[in-house]
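Per-chain numbering from 1; labels A, B and C assigned in written order.
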Amino acid sequence: MKSFTEYLKIKTKNRIEFINITEEVERVIKKSKIKEGLVLVNPMHITASVYINDAESGLIEDYKEWLRKLVPDKDYKHNLTGEDNAFSHLMRTIMGRESTIAVTNGKLDFGVWEQIYYAEFDGQRDKKILVKVLGE
Amino acid sequence: MKSFTEYLKIKTKNRIEFINITEEVERVIKKSKIKEGLVLVNPMHITASVYINDAESGLIEDYKEWLRKLVPDKDYKHNLTGEDNAFSHLMRTIMGRESTIAVTNGKLDFGVWEQIYYAEFDGQRDKKILVKVLGE
Amino acid sequence: MKSFTEYLKIKTKNRIEFINITEEVERVIKKSKIKEGLVLVNPMHITASVYINDAESGLIEDYKEWLRKLVPDKDYKHNLTGEDNAFSHLMRTIMGRESTIAVTNGKLDFGVWEQIYYAEFDGQRDKKILVKVLGE
């Protein structure tokens, strides 16, 4: 059994931003030399998500607007701590934390349209994404 | 370490449909001969989910109605591409993409009521589900 | 490859309750002697979630109130079976089932604020949480 870990570094321009990280994850898998296994990809932050869906700009706009509806502006208790990012924690909850993905023949075992996204809901700061490959 | 991969094939009658795939996944685990490890189950499509919950028809009807409330009909930007399935992407997001499940003593390490479902939100076409077992 | 499985036991005082299980999971990882790998943590019940977010009491109150909005009281079909916990299944769906977490150098490979929570939505009964470590 082999394992290989790399931390991707990211800084977003906007507070809410969606970034396609598929090629970065593929690069890490190649570097790991693991042919059969699993790759775990997750933000190391609690206001961001790694999710899998379409690389289509309209859908990404739909996500942003839909999340604003599901997580309306209000006086969240978390913000009494001095934070203003309660909404970021809740949006990340809808989009999920991590993606676990199959590695087959040294590659992401993906369907035609599957792409890996990092969705940040409290950005404009340095952020880290963990990529861990396990297999052989 | 051993790994074993199989792709389940499915075609749904309805656009939105929930299918219990627990026995199919158990069959793949048995075939893999892996006794201790993890099994990853995910759709290879971005408008479908693999989730774990109750095999109870009333709950499945509740899911369908609830998802329609959380993902209301509207002019989604994704549909400007000629698609009409923006709602399917969003429903899949609520239900999640993959399930990662423990394999212990050669079996799904499940509680009494846990069952694996494939939920399709843009069906009536050929679809593939990835099942990958990793362990020993 | 090594694997190690332990089942945590929990009984909640309230029907809806959030419990920080980070130290319990760390204890299992230590006991497993696995240095590099993955740990899967999931409820063995279908009305509860294992999720990762902040150990901040205000946020936990926000979660509870927000879930009540996303899962309104109504005559769910599941409750025609004699159950009254349809809402619990739906809240668990929002919060997710399992967390898959990297183990690096024998420890949870976590960012500063990541904590593991068990969220129960139909408690006051004995419950089990599966912790499975896979690696080497």
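Please note the rule applied: a contact is a pair of C-beta atoms (placed from the backbone, for glycine too) under 8 Å apart; a residue touches a chain by one contact, two chains touch by 3 or more.
Quick caveat: nothing in here was measured; it's all calculated off a predicted structure.
Between chain B and chain C, the superposing rotation on Cα atoms measures out at 120°, rounded to the nearest 5. Look at the contact of chain A with chain B and you find different residues on each copy: under half of the numbers used there are shared.
A separation of 20 Å divides the Cα centre of chain A from that of chain B.
Residues of chain B in contact with two or more other chains: 1, 38, 70, 94, 96, 100, 134. Residue ranges of chain B in contact with chain C, taken from their complex: 1, 36-38, 51-54, 56-59, 61-63, 66, 70, 94-96, 99-102, 104, 109-114, 134-136. The touching residues of chain A, counted against chain C in their complex, run 1, 3, 5, 38, 40, 42-46, 70-71, 76-81, 86, 89-90, 92-94, 96-98, 100, 128, 130, 132, 134.
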